[in-house]
Amino acid sequence: MSSSPQTTANGGATAGETEGDWVWNEIKAAARRDAESEPALASYLYSTIISHSSLTRSLSFHLGNKLCSSTLLSTLLYDLFLNTFSSDSSLLSATVADLRAARQRDPACISFAHCLLNYKGFLAIQAHRVAHRLWALNRKPIALALHSRVADVFSVDIHPAARVGKGILLDHATGVVIGETAVVGNNVSILHHVTLGGTGKVGGDRHPKIGDGVLIGAGATVLGNVKIGEGAKIGAGSLVMIDVPPRTTAVGNPARLVGGEEKPKVHEDVPGETMDHTFIYVI
Amino acid sequence: MSSSPQTTANGGATAGETEGDWVWNEIKAAARRDAESEPALASYLYSTIISHSSLTRSLSFHLGNKLCSSTLLSTLLYDLFLNTFSSDSSLLSATVADLRAARQRDPACISFAHCLLNYKGFLAIQAHRVAHRLWALNRKPIALALHSRVADVFSVDIHPAARVGKGILLDHATGVVIGETAVVGNNVSILHHVTLGGTGKVGGDRHPKIGDGVLIGAGATVLGNVKIGEGAKIGAGSLVMIDVPPRTTAVGNPARLVGGEEKPKVHEDVPGETMDHTFIYVI
Amino acid sequence: MSSSPQTTANGGATAGETEGDWVWNEIKAAARRDAESEPALASYLYSTIISHSSLTRSLSFHLGNKLCSSTLLSTLLYDLFLNTFSSDSSLLSATVADLRAARQRDPACISFAHCLLNYKGFLAIQAHRVAHRLWALNRKPIALALHSRVADVFSVDIHPAARVGKGILLDHATGVVIGETAVVGNNVSILHHVTLGGTGKVGGDRHPKIGDGVLIGAGATVLGNVKIGEGAKIGAGSLVMIDVPPRTTAVGNPARLVGGEEKPKVHEDVPGETMDHTFIYVI
Amino acid sequence: MSSSPQTTANGGATAGETEGDWVWNEIKAAARRDAESEPALASYLYSTIISHSSLTRSLSFHLGNKLCSSTLLSTLLYDLFLNTFSSDSSLLSATVADLRAARQRDPACISFAHCLLNYKGFLAIQAHRVAHRLWALNRKPIALALHSRVADVFSVDIHPAARVGKGILLDHATGVVIGETAVVGNNVSILHHVTLGGTGKVGGDRHPKIGDGVLIGAGATVLGNVKIGEGAKIGAGSLVMIDVPPRTTAVGNPARLVGGEEKPKVHEDVPGETMDHTFIYVI
Amino acid sequence: MSSSPQTTANGGATAGETEGDWVWNEIKAAARRDAESEPALASYLYSTIISHSSLTRSLSFHLGNKLCSSTLLSTLLYDLFLNTFSSDSSLLSATVADLRAARQRDPACISFAHCLLNYKGFLAIQAHRVAHRLWALNRKPIALALHSRVADVFSVDIHPAARVGKGILLDHATGVVIGETAVVGNNVSILHHVTLGGTGKVGGDRHPKIGDGVLIGAGATVLGNVKIGEGAKIGAGSLVMIDVPPRTTAVGNPARLVGGEEKPKVHEDVPGETMDHTFIYVI
Amino acid sequence: MSSSPQTTANGGATAGETEGDWVWNEIKAAARRDAESEPALASYLYSTIISHSSLTRSLSFHLGNKLCSSTLLSTLLYDLFLNTFSSDSSLLSATVADLRAARQRDPACISFAHCLLNYKGFLAIQAHRVAHRLWALNRKPIALALHSRVADVFSVDIHPAARVGKGILLDHATGVVIGETAVVGNNVSILHHVTLGGTGKVGGDRHPKIGDGVLIGAGATVLGNVKIGEGAKIGAGSLVMIDVPPRTTAVGNPARLVGGEEKPKVHEDVPGETMDHTFIYVI
C-alpha cells in the first residue's frame, strides 16, 4: 500500500473528503488491484467490495454472507445490517476507527481491504455493534441471534449488552469472550482467547471494566467487576481478579502488578496502541 | 420470563404434565412472543421452534441445520437426530436437565428458548449425546463425523466415547476439549477453553474423571486419568495434573489445593450449581 | 484397522507402490468398509473419498467443500487446491507424513480415513501449505483469503507466510495461532490453543522458531523471536518468552526450564513423536 | 433389469412380500449396482435411495431436496412429505402403480430406480398427491406452496384440488397444466405440453374429466368441462373442446372424432396403457 | 378472502390510503392468517411477506431468493430489485395492477398473497419489468442475466427489450416466449405456451404488437410483426401470422378470423379481462 | 461487439490461432468489458468466465453450477464435465460451432459471451453431448442423471442416446423434447416446444431423423421414425408424422407439404441457417 496511514498527517483524506470516504476509496483501490492481479479472487472482490457504493453496503453484504445460515437468510441479515448502520452514523465512524487500529497496530495487516475481508475480530466487532444497538432498542431476541451467529462463525462471544468503544483491535480473535456487563474503552487491543468474565451466577454488574488504551495479551482471563485502568497492560496467560491501576502492568496466574502492589511500575506509552508486549515478564 | 423455574416448586409443571412438556411449552410461548415482537426473526423462530410438535423434533431440526454441510445434508442429519432421540428417552430428559442448568446457573440466559436457539455449548452437548449413543452401538464412523461437525461449527471437541452426565452447562463453550476416556458427572459446569485431556500417545483409560457438581473455570486444563472429586472447584486458567478431593478447590499453574495439600479447605456449596468463582483465588 | 502402520516395517507399502499409494489405498478401503456398514454415511464417503482417483483429488474436494462460502465457491476452491497440489509434489508427501503423524501419535485416531475426513488440525495444515505456496508465488490476496477461511471454519489461524514442516500433528487444533514469521520444524506436535505469537507492532522477524520433534502442550503461549530447540517440550498452559534448549522442558507461567536454567534436565526421547506429557510438571 | 415386470405373473413379488416391498427391493438393488459401477454417482444414490429404510422415506427425501428453496427448507418439506405419506397408505400404492406405469409403457425407462430418480412427471405427480391431500384437509396455503414449487422446478402445473388417479404416466411432463376442477382417471398417460384447462373466469366445475385408460398426445389442449371417455385417445397437438366418447379418437385443431361424429371409429385396446399413437392421423 | 376486490367500489382502499397500501395490507393480513393456521408455512410467510415493511421490499426479497443461484447471490439480486423498484414508482403501480388482474380474472387465485407468493407468471413479469428498465438504461448485460434466470427458473422467456403494459395476467405461464421487439398493451391475458415470436434472422422490428385487452389462449403462436387489435382474442393452439382486427377472434392453425376475413364477428366484451374462451371455436 | 463473425473471412481467427481460441478470446474480452461497465455483474463474470484459462473450463464451471443440486454437488459435476470435455476434443469444436450458430442465426444474440452465459438451449446441448458420451461409454446411470438435471433446470429433455450434430441452435429451448433414437444433423435450428417423439411403447428405432440444415418452428411435433430431409422446413405448430423431402416445407396439423405431396415446392436456401420462417404459411 503506497500511502501508509501512520505517516499521513490528516489520515490521507484530502480536503472535502471525510476520513470514511478516504478509507473506502483505499479499500476499493486495493480490491481493484487485487482483482486485476488475481482473477480467481476477482469474483469475491467484486461481490464483496467493488460492486458496492459505500463501505456500509459492502460491510453489510459481507457480514450478511458470513453470518447467514440455512435458517437465517443472507438477505434478511443484509437488510438488518444495512438498516442499523444507516440509522446511526456513529457505527460507521467506529468501523473506520477499527480499520485504522488494525492497520496501525498489526504489522501483518497489509491493507484496509485485507482487514475488512479477512479479520474475524474486526467483523465480529462490527456485528457486535449492530447487536448492541438492537439490544439497546430492546430488540433482544434478534440481538441474541446475531450474538449466537458470531459465536458460531468467528468463535468470538461478545454479549450484545457489553459496551465496546472504538478503535478496537481483536487480534486473531478466536476464543474471545466478553460478558454482559463488561465495558471496553477506546483504542483497546485484545488478543485471542481473552476472557472478560463474571464470577458467579448472580446477575447485575459483574464483568470487568477496561479503560482506554489497554492491551490484553493472548489467553488472559479477567474475572469479576474489576477495573483495568487506562493504558494498563495485562500479560498473556494472566488470570486477573484485581483492579489494575492506569499505565501499570499485571502478569501471572494469579496476576500481580509489575513492580509490586504498593508501587507498581508505571509506563509512558499506551500499550493498546503501541502493542508493546516485550517487557511484560520482566517481573 | 414470567415464571422463573428456580422459584417454582415442581419446576413449573402442572399436574399431568411432564417436566419436558412444561419446558417445551415455555419454549414455544417465548418463541411466539418473540416472533410477535420481532417479525424479522419470526421466520427463524417458526422454522426452528414454533412449527414443531415436540422439543425432540425442534432440537433435531435445529441441530440438522446447524451441523449440515454441502456433503452432509440437513435432511440426513435431521433423520439421524430424530431417530436417535426417539430410540432413547433418556436423551430428552438429559436435554431438559441441561436447559434447566443454563437457566438456573447463567444469569445471561433469559429463557429456555434462548438457550435452545443460541447456546453453542448446549447444542454441542446434545449432538455429543447422540454421537455417544451411535458410538455405543458401534456406529463409530458416523459418530466421528458428528464429532467433527461439532468441532468445526461450535469449536467444541468432545470425543464420542466420552461419558457425559446430565444437567451440564458448557458456558460460552468455545474451545472446550474432552478426550476419549473422560467421564463427566451430573450437574457439572464447565467454562470455555477447558481441556480434559490425556498425557501421551498410549491408548487406554487416560483422561480425567469429573465428579458430580464440579465447576471448572475458564481456560483450565486437566490432564491425565485424574479424579476431580464431587463438588470440587477448578480455578480459571489452572493446570491440573493431580487428583482433587471432593468439595475442595484447585488453582494455579500447576494447580495446588486451596488450604494446602494436607488439609485442603472444604466448601459447603456445590460449585457446579452455585457457579461461585469468587473466593477461588484467596489462596 | 488391520495393519497398524507402526508395526509395519516399510510403512505397509509393497514393492512398486509408493507410500502415498499405500496410504490412499488404506483410506479407500476403510471408506468402503464404513460405507458398507453405515449407509447413512455412505453418500459422504463416496463423494469425499471413494469416487476420487487420488488422494490429491479427494483432499482438494474435501477442502473445497469445507472452506467454501456463498462468496467463495467450492468449485473455485477445488480448482485452486487441485492446481496447487499438482504443481508441487512435496505438498502430497507432506500430507502423507501428517496422516502418519496423526495415526502414530494420537491413540484416538482409528484410521487414515478418520484423520482425512475429520481432523480439523490436519485439514487446516493442508490448506495452510497451499496458502503458503500461493504466498511464495506472491499471490498474497488469495493466500490471505484462504487463511481467513481456515480461521473461520477450523478456528486455526496460521499466517500464510509461516513456514511449517512435515509430519505435523495439530491435535484438536481449535484456537491454534501461528504468526507470520514463525517457523515450525518437522515432526512437531502442537496441541489446541497454542500460540506462536509476536510481541509488538513492529514488523520483521518476530515470531518463534520451533525445532524438529518439539511437543507443545495445550494452551501454551510462545511469544517473540525465541528458539525452541529440537526435541524440546513445552508444558500445557505455559507462557514462554525465552529460548528453550534442545531436549529440555519448559513449564509454567512464566515458563522456566525443568531442572533449572543452568543445567536443565535433558530427556532422551523426541516428545513431538512420543507425545509424552507425563513428567512435565515434576519441576 | 433382469426380471421384467411385464412378464412376471404376480408382479415379481414373492409370497409374503407386498408389491411395494418388491418394487422397493428392485429399486435398492438397481441403485446398489449403479453405485458399484459408477462411483461418481454413488453419493447421490446412497443419499437418495440406498440409505433409506423404505420407499416412502426415499421418495420424501428426494422430493424434499428437489423442491426445497432458500425459503422453503428441505427438512421442512421432508417432514411434510413423510408425515403425509405415513398418514395415508393409498398414497404409496398409487406411487407403486405409477412406477409400474412408467416401466411398462415407456421403453426408455430402464428401471424403477431410473423413474424414481429422474422422471420429473413421476415426481410431480407424487408431490401433487401430497398437495391434494393437504388441500382436502383444508391446508390450502401449504398445498398451494407445494403446487408452486412443482411448477417452478418441474414445469408441471397441477392445481392441488385436481383429482388424479393411479397408474399415471406423465411422459416428459414439461409444460403439463391441469386445472382446479379437472379429474383424471386411473391408468392414464399424458404427454408433455398437455393442458386440461378452463374456458373463462367464472369459478365452479370448469375443467375436463378424463376417463380411465385415456392417452393424450403431446401438446394437446383440452378445454372446458368436457368428458373424455374411458379408453379414448387424443391426438398430439389437438385442441379439444367437445366430449369424446369411450374408446374413440379425437384429433386436430379444432379436434374432430376419427371416423366422424356420428359413428366414430372405436378401438379395442386401452391407449393409456398400450401407448399406441400410430393410427391417430389416419383421419 | 372477506372483501373481494371486484365488488368493492374503490378497490377497497379507504380514504388516505393508496391502492398499493390497501393491497399490501390485504397481503399481510392473508399471510398472517395463513401463518396462524399453518405453522409449517409460517417461516416462509414471515421471511417473504410479514417481516417486510412494504410490497416493494417483500417482492424484491422474494424475487431475489427465487432467482438467485450459486453464482448470482440473493443479496445482489435483492439489492438490484430494491434499487430499481425504488427508482421508478411506475413499477410498483404496474405490480399492483397485475395483482388485481390475477385476482379478478383467475378463479383459482384465492388472494393477492397467493399470487405474490406462487404465480410464476406474475413473478416473471415483475422481474421482466426490472430487466426492461435496466435495458433502457443501457445496462444490457445485467438485463440479459436476469432474463436468463427467469427463463431457467420460471420457464418464461421475455426479452428485456420487449415492452409490456400493466394489468397483465400470464396464467400458468410455463413456456411463454416474448421476443425482443414485441409490444404487449395493458390488461392483456396470456396463457401458457404462448409465443410472440419472430420469423427470421434479420434484426429490426420483427415481433407482434398486442393491443390492450387482448386474450391469447394456451399454446397460441403469433409470429412476425403483426398487429393484434385491441380487445381481440386468439384461440388456444392457433398459429397467427396475420393482423387481427380489434375485438375479433382468430383461431386455427393457420389462424383465420371467426366470421370470415371480410366481415369478422365483433364481440362486445374485452376478452383480456373477461377471459371468455367459450365461443372461440364456433367458427 | 466490434468484429461480427459473419463478416470476417476466416471467422476472425488470426494465423496460428484456432477458431476455438479466437472465440474464447472474444468471450473473455466481452466479459471484461461488461465487468467494467456493470460492477454488479462483475462477480458473476469473473467466476464464470474471466477467471478461467479455457473455454472448456469456463463451460464446465458454468454447467456445474447451473446443474448442481443439494444431492449432486457442483464440484462433482464440474469434474465430470471437465474430464469428459478433456477426453474428446470433438466436444469443444461442437461447442464452438454452436456458439457461432447462435451468433449468426439469432439477431437477439449480442455476443458469444451472451450465448455462453444465458442461452439455456446452448447449455442444454453442451450438457447433452457430455451425457451422450457417457451413455456411449455405457455409463448410463450418470448419463440419465445429467439428462434429468437438464430437464429440470432448463426444461429441455434430450435423451442421452439421441445423436445430435454440431452447429445446433435451440432457440428459446423451453419444452424441447428429443427422444432416445432421434438423430439430428448439423446446422439444425430448433425452436422451443418442439418434440421429436415416438409413437408407442415398443422399443427400437422409433424417433425422427432430422437432416442437416433443417429448421423446425416453435411448437412443432414430429412423431415416429420419419425422415426430415436435408434443408427441409417444418412450420411452427405443425404435427408431422410423414417423411419430408429435402428442401421442402411441411406445415399444419396434420402437416402437409407446401406445394402438394406430389410436387412439393423446393426452396434454395438452408432454413436451418437462414432462419427464414416468412413464407411458411403461403400454402
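Going by the order they are written in, the chains are A, B, C, D, E and F; count residues from 1 in each one.
Operating definition for what follows: a residue touches a chain if its C-beta (ideal position, glycine included) is under 8 Å from a C-beta of that chain, and two chains touch if they have at least 3 such contacts.
Worth saying up front: this structure is predicted, and the values here are computed from it rather than measured.
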Chains touching both chain B and chain D: A, C, E, F
Centroid-based (C-alpha) most distant chain relative to chain D: A
Of A-F and D-E, whichever chain pair has more C-beta contact pairs: D-E
Copies chain A and chain B - rotation angle from C-alpha fit, nearest 5 degrees: 120
Copy pair chain B, chain E: interface residue numbering same or different (half cut): same
Chain A and chain D: spacing of chain centres that average the CA atoms, whole Å: 58
Centroid spacing, where centroids are CA-atom means, of chain E and chain F in whole angstrom: 29
Centre-to-centre distance between chain F and chain C (centres being mean Cα positions), rounded to whole Å: 49
Chain A, residues touching no fewer than two other chains: 40, 43-44, 47, 51, 65, 70-71, 73-74, 76, 79, 155, 174-175, 193, 219, 237, 253
Arrangement of touching chains [line / ring / star / complete / other]: complete
Interfacial residue positions of chain E with respect to chain C in the complex: 70-71, 73
Residues of chain F defined as touching chain A within the complex: 35, 39-40, 42-44, 46-47, 50-51
Chain A-touching residues of chain C, taken from the complex the two chains share: 69-73, 76, 79-80, 139-142, 144-145, 147-148, 151-152, 155, 157, 159, 174-175, 177, 179-180, 193, 195, 197-204, 206, 219, 221, 223-224, 237, 239, 241, 253-254
Contacting residues of chain C [partner chain B, same complex]: 34, 37-38, 40-41, 43-45, 47-48, 62, 65-66, 68, 74, 104-108, 110, 114, 117-120, 153-155, 172, 174-175, 191-193, 217-219, 235-238, 251-253, 274-278, 280-281, 283
Footprint of chain F on chain C - complex, ascending: 43, 47, 51, 57, 61, 64-65, 71, 73-76, 78-79
